[in-house]
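Single-structure report; data block below.
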Amino acid sequence: MIDSTRLRAGGIALAALLLVTACSSGSSSSPSSGSTASTEPGASATPTAPPAGSLQISGAGATFPFPLYSQWFYDYAFVNPAVKFNYQSIGSGGGIQQITKKTVDFGASDAILTQDQYTAAPGIQAFPTVAGADVVAYNLKALAGKDPLILDGATVANIFLGTIKKWNDPAIAALNPGVTLPDQDIIVVHRSDGSGTTYIFTDFLSKVSDQWKSQVGNATSVNWPVGLGGKGNEGVTGTLTQNDGSIGYVELAYAIANKVSYAKMQNSAGSTIEASIASTQAAMADFSGQMPDSLTISIVNAPGKDSWPIAGYTYLLLYMQQTDCAKGKAIVDFLKWAWGDAGTKDATNLNYVALPDAVKAKDLAKLAQITCNGAPLG
Amino acid sequence: MTFTSLPRPRASAPMGRLRALWQHGDGPFRIILIGASLLVLLLVLGIGAALWLNSDLSRQAFGFTFLWNTTWDPVKGIFGAFPFLYGTLVTSFLALLFAVPLGLGAAIFLAELAPTWIRVPVGLLVELLAAVPSVVFGLWGLFVFVPVIVKPLGIALNTSLGFLPLFAGPVYGPSRLAAGLLLAIMVLPTITAISRDVFRAIPAAQREGSLALGATRWETVRRVLIPYGRSGIFGAIILGLSRALGETIAVTMVIGNNLDLTPSLLHPGYTMASVIANEFTEATTPLYVSALIEIGLVLFVMTLIVNAIAQLLIHRVGATVHA
Amino acid sequence: MSASTDLLATGARQRRGRRRIVNRIMLGLAGGAAVVAIIPLAWIIAYVFVQGIQAISLEFFTGLPTPVGVPGGGIANAIVGSIITVGLGLLLAAPVGMLVGFYASARPRSRASIAIRFITDTVAGVPSIVMGIFAYTIVVLPQGHFSAFSGGVVLAFIMLPIIIRSTEEMLKLVPGALREGSLALGAPEWRTTWRVLLPAAMSGIVTGLMLAIARAAGEAAPMLFTAFGNPNMSTDLEQPIATLPHTIFVYANSPYPDWQAKAWGTALVLIVLVLVLNILARSLVGWRSRGMGAVR
């Protein structure tokens, strides 16, 4: 009895092993989907292992651009099937950590690197790829179905500091004449996990409120004075939808996709602006002449009258001196494609804001300076 | 300990050795066993060492004050573990409070009372619950469990017992109670499945003897089976507790991630594992990373202490009962 | 009968009656506990099913991930990746775990056993994310890249305590008579263990293995630092690889409803896979305990 059981066990284990081997060898022997150069990006790929000799490039970092990057890499696989990109959105800090340790080939971050981080990764360069906007989302049943609320920087800062506690506070009422605000407590919701979204939001709050700047500061993760922490965008949205009278911040793309109410903002020029691609582009344009050589710049609280005040770039992190020339060249070629028409179309479709020409030019100029073993790749 | 009654055939020395090894291979067997155990010891020492070494910056900066400091400010570089310590202890305790009686009860039902057509599928399903990924628990917890069960329960507790600081409002939904209850659900399969197997492995003679002496079914369970299987059940509970202490993603989605130290169960809280999960990949300064690793170290030490106490308890109550 | 015996008889009857009532109540509570334990289970499974079934199609099993808005696509890479990483983890953890379980069960009161139990429970309490960070430090950093191998290693660490504990406890419950009889017949200890104790405890040990596999199959956090994830199909142990729980994690954290639906679909696939594995394993070793356990 025992022996037949063992025989059975062995037989099944063997069968399982054969199955797995068959799967894997089957996939590696069939031609890769990309190489058949199908023209429709919409066609789904059949499962194959990368063909022998194809390059595998890994990258890690910000969650904000992840949907866009995954679209880019997918489309680019049809342009150059010999390169396979693997991007994992582990967070801006994670991206910086991993590229510093060189466990990945490129990093991505919404946050601007600090001096210490530049020192820890000598030769690292940030390249802005796209920009995005944060919005202040809220759930107030009393205002359901009505026009979006209007807020401004100082008010938002005070709400998140906990000094404004009720929805019918005079500061909010002053910005929304004619709207009856309920006498209800404001429940603040913020991100519990560190994120680039928080970085951009706290950057904005630091610029519009001295109290915020001294008490809390600007980082991917801060010590929030009040509120509940939700993990990830869906954690924040989940908590928002379940608590009447709550307020939080999410990325614009997320708010649109999930049909969350978000406020209009009164920017520093005094005009009431809605978050959109156009208003984010205006914010970028306000700072376009000031892009430093490091190619990183904060674009929150833009001075222009059409500018959305809570916007930010997201950056790709690459070493200027590449050690693997094939991979370096592949990444450079990919970036040139991404800043071209095809890449820009993808970005706009997904509610990301493509770079203005001036910034693109600077990017490309810097890209041309990347070298591998002495020789330029660009 | 062993003796053979078979005459050993005369063979050349190496063959004889081999045969001896086959028949009495206890020496090598024991070496393999000890080797395997040493591997596990190495693992624990390795983890402890890695945690200790990598938290160096933070330990030097804060010393022991890290344990009772209540501030956690990444921007200013001030870190203290107390809010997380508190949250972990409270949620794990709550989890066991619900999971142990429910799990044991269910195990008794499955092992002793249920007919085969119930026992097999239900047992399978309970084990399946262990396969539900943490992130699914978290999502279900946030979108279903909290609004449908926990929040109404919290409101009920608050209305009736709100004068107790334990149940003081306001009630948001995500809270320590939510995390504790969700953890209870998550450790239930471990406790139930292992306890069930413990009960089923107890020899029939024990049951029959007890019943023959006139004890009711329940008395048999209470006075014979549970004491007999005490060690295994305790092992199951400790495994469950360990899971509760270290659970990250599901807890962080329903606990509210708030640093306030109010005693109320209905208030959001924070656990050690959650803060590591939330902030590790985004930690930008070496001190920040070191502080997070030090939290891992505190959790590690806490597990050591809990297990030490558990071992002492077992020893005190009496060693395993062998047939 | 005299009055005093009547009284005694009445007293005994009353005590018996009360004991019967207590018996009924407690057994009823046990049944109730089982029901309460099943409710969240059934609820979660039903929820995952309802949310996930819309994403399921043949292509879901055979296709590779597509970006947002591109219809179709699947999780074939994650299915293969999970099988590889969990399989590797099992390969590493099961032999070591069972051997350690043997050792600890042989003389349960010895210092070695107590030490082993202590160490095992400590490992069990390490959060999966800390395990991931540890595996990152000892495998990924020296290798200089993420890999499926490191994913298997971290899963082995996670599975180890479950396997050790359940093996040990199940072996301890095998009646001493079996062991002593085998030893008395002249079998060496290792043979006694392999041929007598193991089969007797097999059902319980398989439960432990199943619990360990189930746990490992569902761990996402450690994968972030080891297997890393991969949108392409890969079976290379030296390259990053996708796994089911990691895929769920990534999709669930996204803003897009179609990705979120895929997250649920993936969760459904994961749960069904584990169920199938469980049934397979049970059919191998039998649904009943092989030992002298069940009354029925």
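For clarity, chains are labelled A, B and C in written order, and residue numbers in each chain start from 1.
In the analysis below, contacts are C-beta pairs under 8 Å (C-beta built on N, C-alpha and C of every residue); 3 or more make two chains touch, one makes a residue touch a chain.
In this text, all values refer to a predicted model and were calculated from it rather than measured experimentally.
Viewed as a contact network, the protein chains are fully connected, with every chain touching every other. Across B-C and A-B, it is B-C that has more C-beta pairs touching.
Averaged C-alpha coordinates put the centre of subunit A at 36 Å from the centre of subunit B. A straight line joining the Cα centres of subunit B and subunit C is 13 Å long.
Residue positions 90, 94, 234 of subunit A each touch two or more of the other chains.
Among the residues of subunit C, those touching two or more other chains are numbered 224, 252.
For subunit B, residues touching at least two other chains, in rising order: 139, 249, 277, 280-281. Against subunit A, the residues of subunit C that register as touching in their complex are 59, 62-74, 76-77, 80, 83-84, 87, 140-141, 144-146, 195, 199, 224, 228-236, 239-240, 250, 252-257, 260, 280, 284-285. Within the complex, the subunit C residues that touch subunit B are 19-20, 22-23, 26-27, 29-34, 36-38, 40-45, 47-48, 95-96, 99-100, 102-104, 108-109, 112, 114-131, 133-134, 137-138, 157, 160-162, 164-166, 168-170, 172-177, 183, 186-191, 193, 201, 203-204, 207-208, 210-211, 214-215, 217-221, 224, 244-245, 248-249, 252, 263, 267, 270-271, 274-275, 278-279, 282, 287-289, 291-296.
Residue ranges of subunit A in contact with subunit C, taken from their complex: 2, 5, 8-9, 12, 20, 23-24, 27-28, 41-42, 44-50, 56, 58, 60, 63, 66-67, 70-71, 73-74, 84-90, 94, 101-104, 232-234, 251, 253-254, 257-258, 349-350. On the side of subunit A, the complex with subunit B involves touching residues 90-94, 96-97, 111, 114, 116-117, 185, 187, 192-195, 216-223, 227-231, 234-235, 238-239, 242-243. Partner subunit C is touched in their complex by these residues of subunit B: 1-6, 23-26, 29-30, 32-34, 36-37, 39-41, 43-44, 46-47, 50-51, 54, 101-106, 108-110, 112-114, 116, 120, 122, 124-137, 139-140, 144-145, 185, 188-190, 192-194, 197-198, 200-205, 207-208, 216-219, 221-222, 229, 231-232, 235-236, 238-239, 241-243, 245-249, 272-273, 276-277, 280-281, 293, 296, 299-300, 302-304, 306-308, 310-311, 315, 319-320, 322-323.
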